[in-house]
Amino acid sequence: MHEVDLDKYDLRTDLIIEQNIDNIKNNSYDENGVHVDDIILKKNNNLNKKQGKYVTISYSDITDSNNFKNVLEILEKEFYKVLKYCKIKKDDSCLIIGLGNRKIISDSLGSKTIDEVIVTRHLYKMGDVDKNYRNVSILEPNVIGVTGIDSYEIIENVIKEIKPDFIICIDSLCAMNIERLNKTIQITSSGITPGSGIGNTKKELSKDTLKIPTIAVGIPSVVNTSVIVSDTINYILKKIGYLKNNINNNKDKLKPVNKINYLKELNDLSSIEKKEVLGYIGLLDNDSLKKLIWEVLSPINADMIVTTKDIDFIMEKNAKLIGTALNNILHNFN
Amino acid sequence: MHEVDLDKYDLRTDLIIEQNIDNIKNNSYDENGVHVDDIILKKNNNLNKKQGKYVTISYSDITDSNNFKNVLEILEKEFYKVLKYCKIKKDDSCLIIGLGNRKIISDSLGSKTIDEVIVTRHLYKMGDVDKNYRNVSILEPNVIGVTGIDSYEIIENVIKEIKPDFIICIDSLCAMNIERLNKTIQITSSGITPGSGIGNTKKELSKDTLKIPTIAVGIPSVVNTSVIVSDTINYILKKIGYLKNNINNNKDKLKPVNKINYLKELNDLSSIEKKEVLGYIGLLDNDSLKKLIWEVLSPINADMIVTTKDIDFIMEKNAKLIGTALNNILHNFN
Amino acid sequence: MHEVDLDKYDLRTDLIIEQNIDNIKNNSYDENGVHVDDIILKKNNNLNKKQGKYVTISYSDITDSNNFKNVLEILEKEFYKVLKYCKIKKDDSCLIIGLGNRKIISDSLGSKTIDEVIVTRHLYKMGDVDKNYRNVSILEPNVIGVTGIDSYEIIENVIKEIKPDFIICIDSLCAMNIERLNKTIQITSSGITPGSGIGNTKKELSKDTLKIPTIAVGIPSVVNTSVIVSDTINYILKKIGYLKNNINNNKDKLKPVNKINYLKELNDLSSIEKKEVLGYIGLLDNDSLKKLIWEVLSPINADMIVTTKDIDFIMEKNAKLIGTALNNILHNFN
Amino acid sequence: MHEVDLDKYDLRTDLIIEQNIDNIKNNSYDENGVHVDDIILKKNNNLNKKQGKYVTISYSDITDSNNFKNVLEILEKEFYKVLKYCKIKKDDSCLIIGLGNRKIISDSLGSKTIDEVIVTRHLYKMGDVDKNYRNVSILEPNVIGVTGIDSYEIIENVIKEIKPDFIICIDSLCAMNIERLNKTIQITSSGITPGSGIGNTKKELSKDTLKIPTIAVGIPSVVNTSVIVSDTINYILKKIGYLKNNINNNKDKLKPVNKINYLKELNDLSSIEKKEVLGYIGLLDNDSLKKLIWEVLSPINADMIVTTKDIDFIMEKNAKLIGTALNNILHNFN
């Protein structure tokens, strides 16, 4: 097919887990229905990502209060390990930065999370604080499209003034996989570039640029329509593969067709079979498929960033989850 | 392929314009970049829709203030015609019902629109109102999942009490076409079934059930991921068709690939070509394609209802648009 | 002085506790810093109030989480007694009505409380509910100034349709005493007249009018400036009385003047002393004083209903308190 | 009476107009029901206020759309004069700072106003802006009690980075007079000390500290209960004075007692009469009266900052008023 300049479209992911990381996992485990992947990236790694510790917590739901508690417990445990990895001490002061735009719900994880945080820096300035509480302050720089000021310009200068020992940035992320929407938390010691998931070029917030440990936490809450389509085309092939291999399999006989999770087994089709089912499209590799779909959707303005219908409700839960974890691990830290 | 019970999934549309209506258009016109289609459906029509007048106003944007004014002007003109069609008189009292759920932004068109309406019924009860103002009241029944009460139960009984001469229902709709999201207003004299676009079974609000003229107004603000995918698969075929027919066409030489609107021309592929490009999938008719995609997405919980990332901002504009039109045509009515 | 028509102004209180009830208290107690007064009024009582059980819970603060728990515990215990008094049974269905106006924070207790309630009526309609959950639905009729429809008109007709066994009405109240603002909960079996605290004439919601037990719960969140002034004039006399009796009292020597709570003792001045301190004003009885102040403030539009600066924050706590109590006592009821 | 340390309580006003300024008015006029007072204060003035231009615009209502237009027109005219006084040029870049706390409605004028402002600085950075639009950015530092960071610390450092030519600060003010609540706009070239109206000690935002012209705009939206009471006690004396002088005056015979505006005439009582009416209290000068009332209210926690019940609605109008004026005079500036 014709060539596309890869730089013209930007379907990057904010999530390390969506890259090919099978060989570099440091540690993975399952607990109470929650899955954790821990990765340590070295400098100049193949993923072209910054070095550091990346923890990915995957789960199916936090709207149920039991699931919420299970995810919270693991989030606190893993967050604590990231603080240790960054050599954060009990008395280190922390600035928590809520990135994104409070008025766009799908982009409000940062703003809504810092609303939950127990703030103490002003009490420290007045003296006489219960020492179980860490020195914590918050900042909501908002986005340049609203304020006319790059969030980096605000953050860099406020840090110069208040000199926190480390910072934690919270942001809504962009997923490259519809199954991860609001079902994954990523914590990383490598910082974040605000807006990096949706194709803007902004300055990086990291230890390299800010000279203090810079931890980033995010949950993917938006996805590109191109991603939805290319995911689905791959699923079509997997579903057909499953059906082919299970056509005479009695176990599915009584199940409704929409209850059979065909992804649980590997049932890859041969190239000939793929061509049979999906023509030339079935033979494209993932990158070429995404390029094609982007070329199909963008001329008709259908290459949109979308979010789930009930994002208002879920974002409240997401912010409560991270805010509670931050209060529990920053204050009363041992 | 295997069979699917059509009733098991519900990818219905709230929009008449998304059905095959080419032969039954009453009137269509373009004005200031806005397109209007006016349809009168008779009883027992082929579309299996209720009889009545259906006006569809299509536009590309209302976030620009000039476009907003252009759409508003046409909306008022067309709404006035629907009132005339329903034989509404200057002195008839009106109850405006904001359907949907205020707390889910994508479902809040009804609630946010009635916030804009000038309400006068209580002034009429006290006597001595400027007669240029119609007797108008509003009602926000909310959704059964929040209140435990079917909106129909509330509406039916409030109407019995306050006896309006006619009602106008405002609701967020579900689109079956990604291009229509927040870019179409439908006004109909045939009423509405709340939640009908997303597969719930609820009672119809219409002249048949409520015994007074029941006008419904809506803007589609959510879409199903299955719809996004099946639309895109069709666009792939159209794009390939366009490329085939224009491969040596100099007019596109200097255009970037993502700026060529391939939908403007008809370039259908032959069946053999479709099979070449998209295999068996390319040969499916629209209904079978949607069924297949639903079967692929629903077992893995990826059959989601989504909305655009900036829905917060757009919903404000949508509500302002309809609310302003309602105030202008209901009050000072000639 | 000149005469005033008592009906011309309306400085009524929603709180039974602000009336002269010393002789008719059924039961009073203190527990964990919370004070409870329980009154049973008979028909044709001297207070000119409807018969029934009136429970008043007084406290100094619920913004502290320990105080919140203490008040919640007593609220649940007392609310349970009111349900028993009204002969509510384990299986009786309940409609909870959030009165007031969501968009005026000081009037939003009803709306914000029902946001917290676990709703089940729709699940009962579908069958198969865990029987520990009572059949509960909610209704938010809003105020006539916003909707054009009297809340009574909506409530009466919805009750006819859904036939709950009893109702609970939640509303923001008007205090006649600045010390009670956001520091008192009143629960009564006698119902409520929406807006009765601020001088509107509306229909009563009660067992007499609705034919089912009608419990009302409220917290005072606004107060009239006239009340603030007449309270203060009385406090001036009490403070002077205290100072006169304690002028040589060593116990206050080291206390800052603004830390001595002079209300804790009775130090009434004689009429001659009152006239000395406050002239003729000092001799007015309470009703005449309030009339005078109303006559002074209303011609210059300074007779305002005010609320505390931090009402946004406190209203969240108030709604959380009542909502949590309702969930705990309605569901899992023994 | 006993002595009070004046520093112990702080009933300061943010409004120059509430001080004794009769001799120093530069210019005053009435237009369309709006009153304007223009004052130029020199260094080391008797009011102990910073030098500069102070414009006070007084009106009775902006909830009516005609009144809104009248006030807006005068606000723009007077704001323009302040810009001229500060020697602001057509091309000067402006940073608009929304002070206060978005989540406390009575303190949200700053936040809500900047929501209305047309922001362009990011477009200037990208080049190619319509030169009728000034370079404008916004900043919302929030309050130290929420963020742990003094707003001054944020503002000072952001200014160092983005180097605006001048700044405009918007804040909710504290009134010392109940009649001024939401009925006065003050514009001054002398800057502002955030929170100065309610007794906190914070750093001043002004040309002296920030080295660039610093204009402050505010509307009083809260008042102290002490102020309400001392105002009313003064009104009592004025009302009695009016009644004494008009007891046989036929003009009031048919007017209801609460419709006679007794403030319009000067009817001062003699000292003997004051003592007759209000005892010793009637003889106190204004400062001693306020001290006394503060001493009466603060020991019983009734010395509260209050706001009007409908502040939610009025704050929207206030923000719309100032935001619209800013857009009209900053952009398209001649």
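Each chain gets a letter, A, B, C and D, in the order it is written, and its residues are counted from 1.
To be clear about the criterion, a contact is a pair of C-beta atoms (placed from the backbone, for glycine too) under 8 Å apart; a residue touches a chain by one contact, two chains touch by 3 or more.
Since the model is a prediction, treat every value here as computed from it, not as a measurement.
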Q: Moving only to chains each one touches, count the minimum steps from subunit A until you reach subunit C.
A: 2
Q. Any idea if subunit B and subunit C meet via the same residues, over half in common, or different ones?
A. same
Q: Could you please state the distance in Å, as a whole number, between where the Cα atoms of subunit B are centred and where those of subunit D are centred?
A: 47
Q) If you average the Cα atoms of subunit A and of subunit D to get two centres, how far apart are those centres in Å? A) 46
Q.
From the mean C-alpha coordinate of subunit A to that of subunit B, what's the distance rounded to whole Å?
A. 33
**Q.** Touching two or more other chains - residues of subunit B
**A.** none
Q: Just say which it is for the chain contacts: an open line, a closed ring, a star, complete, or other.
A: ring
Q: Chain pairs that touch, all of them, please.
A: A-B, A-D, B-C, C-D
Q. In their shared complex, at which residues does subunit C touch subunit D?
A. 2, 4, 8-9, 103-107, 178-179, 181, 222, 225, 228-229, 231-233, 235-236, 239, 243, 256-263, 274-282, 292-302, 304-313
(Q) Please output the residues of subunit B touching subunit C within their complex, sorted ascending. (A) 119-123, 136-140, 142, 144-150, 153-154, 156-158, 160-162
